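Working notes, structure below.
Lettered A, B, C and D in written order, each chain numbered from 1.
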Amino acid sequence: MALILDLAVQGAQMLLVLLLAPLLTGFVRKAKARFLRRRGPPLWQPYLDLVRLMRKDVVLAHNASWLFRVIPYLVFAATWVAVSLVPTFRTGLLFSWSADLIAIIALLGSARFFQALAGLDVGTSFGGIGSSREVMIASLAEPAMIMIVFTLALLAGSTQLSTMVGFLVSPEVGLRVSLGLALIALIMVAIAENARIPVDNPATHLELTMVHEAMVLEYSGRHLALIDLAASLKLLLYVSLIACLFAPWGIAGASAGLAALAIGAAAYVGKLAAGGFLLALFETSIAKMRVFRVPEFLGAALMLGLLATLLLFFSRSL
Amino acid sequence: MTLPFEPVTAVLAIPAIAAALLVVLPGYRLTSRLNVLATLLTFLAALSLIFGRPVPGPYLLVDDLNNVFIVLTTFVGFTTSVFSASYIAHELETGRLTPTFLRFYHAMYQVLMFAMNLALMANNIGVMWVAIELATLTTVLMVGIYRTHEALEAAWKYFILGSVGIALALFGTILVYMAALPVTGAGLDAMVWTVLVARAADFDPALLNVAFVFLLLGYGTKVGLAPLHAWLPDAHAEGPTPISAVLSGLLLNVALYALLRFKILLAVNPNAVAPGPLMVTMGLLSLVFASFMLYRRRDIKRMFAYSSIEHMGIITFAFGMGGPLANFAGLLHMTMHSLTKSAIFFAVGHIAQVKGTQRIADMGGLTETNPVLGWGLVLGVVAIAGLPPLGIFMSEFLIVTSTFAREPALAVILVFGILVGFGALFLRLNGIAFGEPRGPTAAAQASYVPMFVHLALVFGAGIYLPPPLVAWFQNVAKLLG
Amino acid sequence: MVHLALIGAAVLIAIVPVAMLMRTSSHGRPIVYGISLIVSLALLAIALLTLLGSSEAASVAVLPLGLPWLGAHFRLDALAAFFLAVVNLGCAAASLFALGYGRHEHDPQRVLPFYPAFLAGMTLVVLAADAFSFLVAWEFMSLSSWALVMAHHRVSDNARAGYIYLVMASFGTLALLLTFGLLAGPGGGYTFADMRAVPPSAGLAAAVLILALIGTGSKAGLVPLHVWLPLAHPAAPSHVSALMSGVMTKVAVYGFVRIVFDLAGEPAWWWSMVVLALGGITAVMGVLYALMQHDLKRLLAYHTVENIGIIFIGFGLALAFKAHGMPLAAALALTAGLLHVFNHSVFKSLLFFGAGAVLNATGERDMEHLGGLIHRMPQTAFVFLVGCAAISALPPLNGFVSEWLTFQAILLSPALPSWGLKFLVPAVGALLALSAALAAACFVKAFGVTFLGRPRTPAAAGAQETDALSLAAMMVLAALCLIAGILPGLFIDSLAPVVQALVGARMPVQHGVEWLSIVPVAESRSSYNGLLVFVFMVISGWLAALAIHRLASDRLRRAPPWDCGYPDPSPITQYSASSFAQPIRRVFGTMVFRARERVEMPPPGDSAPARLTVELRDLIWDVLYAPIASGVGAAATRLNALQFLTIRQFLSLVFSALVFLLLVLAIWP
Amino acid sequence: MGELSYDVAHLLAGSLVLVSFMQLYQDRLYALLNIFALHALVLTLSVAWQAYVQEAPHLYVTAGIALVFKAIVIPVALHRIIVKLGIHREIETVVGVGPTMLLGMGLVALSMVVMLRVTTDADPLARQDLAFALSVVLLGLLVMVTRRNAVSQVVGFMSLENGLVLAATGAKGMPLVVEISVAFSILIAFIVIGIFLFRIRERFDSVDIQTLDRFRGERR
């Protein structure tokens, strides 16, 4: 019985994230437009986009290989699996132990690896530029992320997200410098990973400033739909991650009843909204930086992460 | 066990008689075959020494120590004569040697064998001295046999430096006699090694010290220890290759053997200066010096001559360190070096004949053009560089490990020298054996048997040493203290 | 057991002369590689039986070879069995690959005789149980691999590579010689049993560690002793490259484990710091070097350096935990290291095979001349992709598991009492993460430039799929990458006896964990289930495909590429390997490689092409090796003057020596 | 052995050292040859005296060889070589005569110190004899090393060898002395013939003036 309930919760989570992800993207777009005094597209515009793309023919470059066609599914699958394992409204998901935080990051790494390959497949210069910059950004963002994981894992004594959330929600955490540093670093990494301003501009199609968009330039139809969905999922993942780690309030425990689940779900939606709002605010208030300033930006995140880890040894004695 | 002949006499008489015969006999085929036959018989006679040794007399002595050397010497002498037969044939064809000089060459070869055997078997330090000097003079003549400017110059250099060495060694010998005089009384006894070693504890240590200095420098010149080595590279490079093989493989050993005898003498006397540190210093100096000298060599034979200096340095070092392990390793190294170096010279001789030059720059891609010679040389260099599974690795293993446990600093220098030399050898080998072929590529008319017999022995010894040989070496190592 | 293994090695050695005789015959290749394959499989079976079998005592053999009074000792314990398995798995795969690949070898007489000797050498190193046999086998391995590196000696770079390789190998061997000299002591206790019985004192043990690091590190490719590796590994025929990179470096790692964990006694607290720091630096430097390469095989060789660094990080952690009495954590770290040994041997062999197949099909190693091979060689491309993903530590493949375990071990470090380690270990963790991320970047480049895009040369355009045997070898390894990635528990459990013997504890039994997860310490702490991740990914990808194709559209049209409207038909407008690496080069290169970019722009009106030249300098070579080489050269030149003295000057030398010695005697007390 | 015999032997050996010193001082070839003849003569006397004292008649042979061969034949032969080959009559020295003399003094002192360490219970005659012989040997080597001229180098080698003979004859009852002196005479003859054959005018270093510096093993 409990197993069925767990399965149901796990399934609900998977569906929930799938459904919420375009909404979050749409919300951020809407909020951004509002900040810019534009009316902006409707909230559900991403859904419409997805549906339209899915129904269109795929236009494939002549020399695209089989890999090019497989990659959207791979990217989508890896991202979706990763998101399904992040606690959103309830901890202790049925399969949460099948991958800890490090594995989740690595899953995203897999997605990125294949996406970068796709950028190179057709053999255009824009695809190359996108892939090359993407891996450069990732090569710094990933270690920064690992350092953040270190900080949190050393603190919580675990890399298991559920355990970490359980620890962070408890009162013994207190207020720590390390946590603050880790939060800042995580936000920086999240911005870079999701191709947001100031690292990248998801809305641009100005050739030389593209990173993510350049990489997926050759995709069309259902392939593009999957990739866009995966990108939305990734944004959702990072917001959820920040929410569950640094604002774990309201999240339902492993043995929570329906009421707690409902509270958890409501809290989760609220957190998403807050996160999307803040992101939009941040994006509208800052200019995009040059590509070669990005390493400094991410280097700072890496240093913050390392500092957070090292400071842990001191703050523990406080 | 009784033998139908007196092996000691045979070992000495066969070369002597052969020398006399070869002076008068004409014809290349006959003389070269006779030469091979004589050395073979000598070798067999020397082998029989293992089974029945004569009682030491005032002049001759066969014990464990020199038996090793006699067998080795006669064996390498035999294989070299086989190599020499095919080598000299080519020299005759190209006109580098005339039949007259050929006769002279074969006779001298046997005289050299005689002299070395005598030096090894001498129980009398005076006879030993005479024999070594005879061997030196013989080789001087043979080094100059091509009568080119370079050959004559090399022979001359060898002659002059050798003569000074001779003089110094004689002075040392006289001093030993003087040291023995008050103990043993005047006369023959004071020069008989077995008597000397029995009573050396009572000798005057100061006299023994001075004597050893002179002997070290005198015989050390023959061994080719730096800084007394100057004759060695040129003599090797300019003489006929069989002589280079014999020089590197045997004569250096014989001189070192003489030094060892005196080292034992000194070791017996408790008050004398320990000969070990002197030998260790000179050994290391030779090793490091020769290793660096290897880098700038342009002549292939001169390069391997420097490699001989390097190895003589290692051997001297090992004996200088002393102790059962190091002595054993020294003996093993000596044997292996003789076999390997002469094999290398066999290969080098044919290579130089094929290429018509000894310049390293004019050789290349030998494994491509002359695979047998090329790979033979590669194997030889691999062996001489101390790589397993060939025999020299075993001795270097023992020397380095036993030294490091006792004197780490010395072992580090030793290892440094070996590594520097290793680098140089393979740098040159790369050019000679690999890469684009250079120079003439005609097939060599050569007998590869001696080379591969030597290499096979070295290979075998690196993997398996027969227990009797080991016991024998261990006895000798004990003898050396 | 060890007897059987020795027979196997003997068979390998016995086919050396056969190979020599048949070097030019067309039957030589199938016979040599066929027998090698069979023997390797047999040895693999022996190793697995020993490793997985009941914990019986190690089997020992003494042959009357080698040092006469010592004999040649051989021993097959758990550690040896594990490495024997790794070695022979690689050897078997390489032999299978070579059965097909070797057909294209134009100089078989330079490969066939040395190949079985190389295999035998590696097997014997692992089996040896005394210093002499160990070193003989070790050098035998070096020597035969050197001969294989020199197989294509007419390429002058190869000859240089062979030379540097041999000198470095000899340097390493001499360091090991000194190591064993210390361990054996003046009495000459050369067997490992003797050394184990009398561990060295603290001071000596320190020297043992340093010398062992030099000796084995120079073979394994630890920075800064790695310089030979990226030169020599690519120079050999590809199946040999695979063996050298995938297997021989593991033999070196074995040497390190054997000496440091088994023979050198209890580790001191600072050992781990040295090993960790070296491992971290090696990992990052290796991958940075790799990123700068555009020669496919050299890139792979540099990645070997990186992975050796990762392995040594695991060992460093194990040493740290062992020294501070935390056997469980040490077991975790050591398992991580050893598992990575296995994993790396699998995917590195796979990748080199792939590079070999590409080389055969196109005659090119330079990625700038390749491209688009996925169309011509789809199967090779697929298995190569698996290898790339595995080495980039992407779940659910095997590379991720061992790196994940290493991270888990790093996360146990706060319990260490030493402050130095507390700070060093997270920093090393950062380096590890950096190297993993850079590795992924590098393999995007390697795979993308080689297999994707459009062919850059006619050679690449005309490539043919490689032969079935080669493909079979690669498929087997690719399957292993996946199996080891999704069922890591099996491998961790089979490592238990090894780890137990070396650090006195083992990781928790993974066998009984439900769903086949792995749990290094406790489930609340961390767990990973590759199988489930894999199944999840497959199902969700499949579901997505199914849903879209059913409910939406599955139509497809072909058209010219879009490329923002500027498609250029010339394939040279594609991103090349160097341009792909340019952003990363800008980030790291100026510091590590003193990279300088120079643009030569022709003046306006001139139709000459503009040129961009990138200058990279190898800092380690410049700082460490160039001075040594020039120093030796200068000393040689200076001393060489002594060759050209006159006889009188030589006599003066003799005279000075005489006077000097007499003076010594005169002042002797 | 009486006081007298000791004194005479001492005197002769001492004068041999003195004559060696005189060699160091010479800067003319002919003068050097004359001094060497004197050196050989003193040696002859010394050996003869030992033969008499030791009652060893075979030593007279050695003395005879020294007299005939070294004091007469060789100097005359060298004389003729100098004339025939047109060798410069002046000796080129590497270091000046003054420093050479000082060096020689040092060497004699060194050999004294070394030999005096020999315990006193050894034969005093032998001890003195050896000290002088060692000095002569070292001085001979010094001549070889400091002179550039081939003939003077031969002279140096011969005086070195004279020192050996002095030592050998001083050693009571040493076997093979005669043989050794004969052997050495042959050696010297070889050298002299070599100089003549190879036309070594100036120094040992080359067999021909044209090839003086061309070849030093590797320069070709």
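We take it that a contact is a pair of C-beta atoms (placed from the backbone, for glycine too) under 8 Å apart; a residue touches a chain by one contact, two chains touch by 3 or more.
Just so it is clear, the structure is predicted and the values come from calculations on it, not from any experiment.
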*In terms of C-beta pairs in contact, which of B-C and C-D ranks higher?*
B-C
*Looking at C-alpha means, what's the farthest chain from chain D?*
A
*asked:* Need the CA-centroid distance for the pair chain B / chain C, whole Å please.
replied: 44
*Rounded Å distance between chain A and chain B, as computed from the means of their C-alpha atoms*: 78
_Between chain C and chain D, what distance separates the C-alpha centroids? Give it in angstrom._
69
*When the C-alpha atoms of chain A and chain C are each averaged to a single point, how far apart are the two points in Å?*
35
*What residues in chain D touch two or more of the other chains?*
114, 117, 141, 144, 204, 217-218
*Multi-chain contacts in chain B: which residues touch at least two other chains?*
156, 160, 164, 206, 210, 233, 296
_Multi-chain contact residues (two or more partners), chain C_ = 643, 645, 647, 651, 654, 658, 662, 665
_Interchain contacts, given as pairs of chains that touch_ = A-C, B-C, B-D, C-D
*Can you check the complex and tell me which residues of chain D touch chain C?*
94, 107, 110-111, 113-114, 117, 138, 141-142, 144-145, 147-148, 153, 203-205, 216-219
*Which of the residues in chain D end up touching chain B in this complex?*
114-115, 117-119, 121-123, 126, 130, 133-134, 137, 141, 144, 157, 160-161, 163-164, 167-168, 171-176, 179-180, 183-184, 187, 190-191, 194, 198, 204, 206-208, 211, 215, 217-218, 220
*Interface residues, chain B side, partner chain D - complex*: 126, 130, 133, 137, 149-150, 152-154, 156, 159-160, 163-164, 166-167, 170-171, 174-175, 177-178, 181-182, 185-188, 190-191, 204, 206-207, 210, 233-234, 237, 296-299, 302
*So in the complex, which bits of chain C are touching chain A?*
371-372, 374-375, 378, 381, 385, 389, 392-395, 400, 404, 407-408, 410-411, 414, 422-423, 426-427, 429-430, 433-434, 436-438, 440-441, 443-445, 447-449, 452-454, 515, 517, 523-529, 532-533, 536-538, 540-542, 544-545, 548, 551-564, 567-568, 571, 573-575, 579-584, 586-587
*Report the residues of chain B in contact with chain C in the complex, numbered from low to high.*
156-157, 160-161, 164-165, 168, 206, 209-210, 213-214, 216-217, 221, 227-228, 230-231, 233, 273, 278, 289, 292-296, 325, 365, 367-368, 382, 385, 387-389, 393-394, 396-398, 400-406, 411-412, 415, 418-420, 422-424, 426-427, 430, 434-436, 462-465, 467, 470
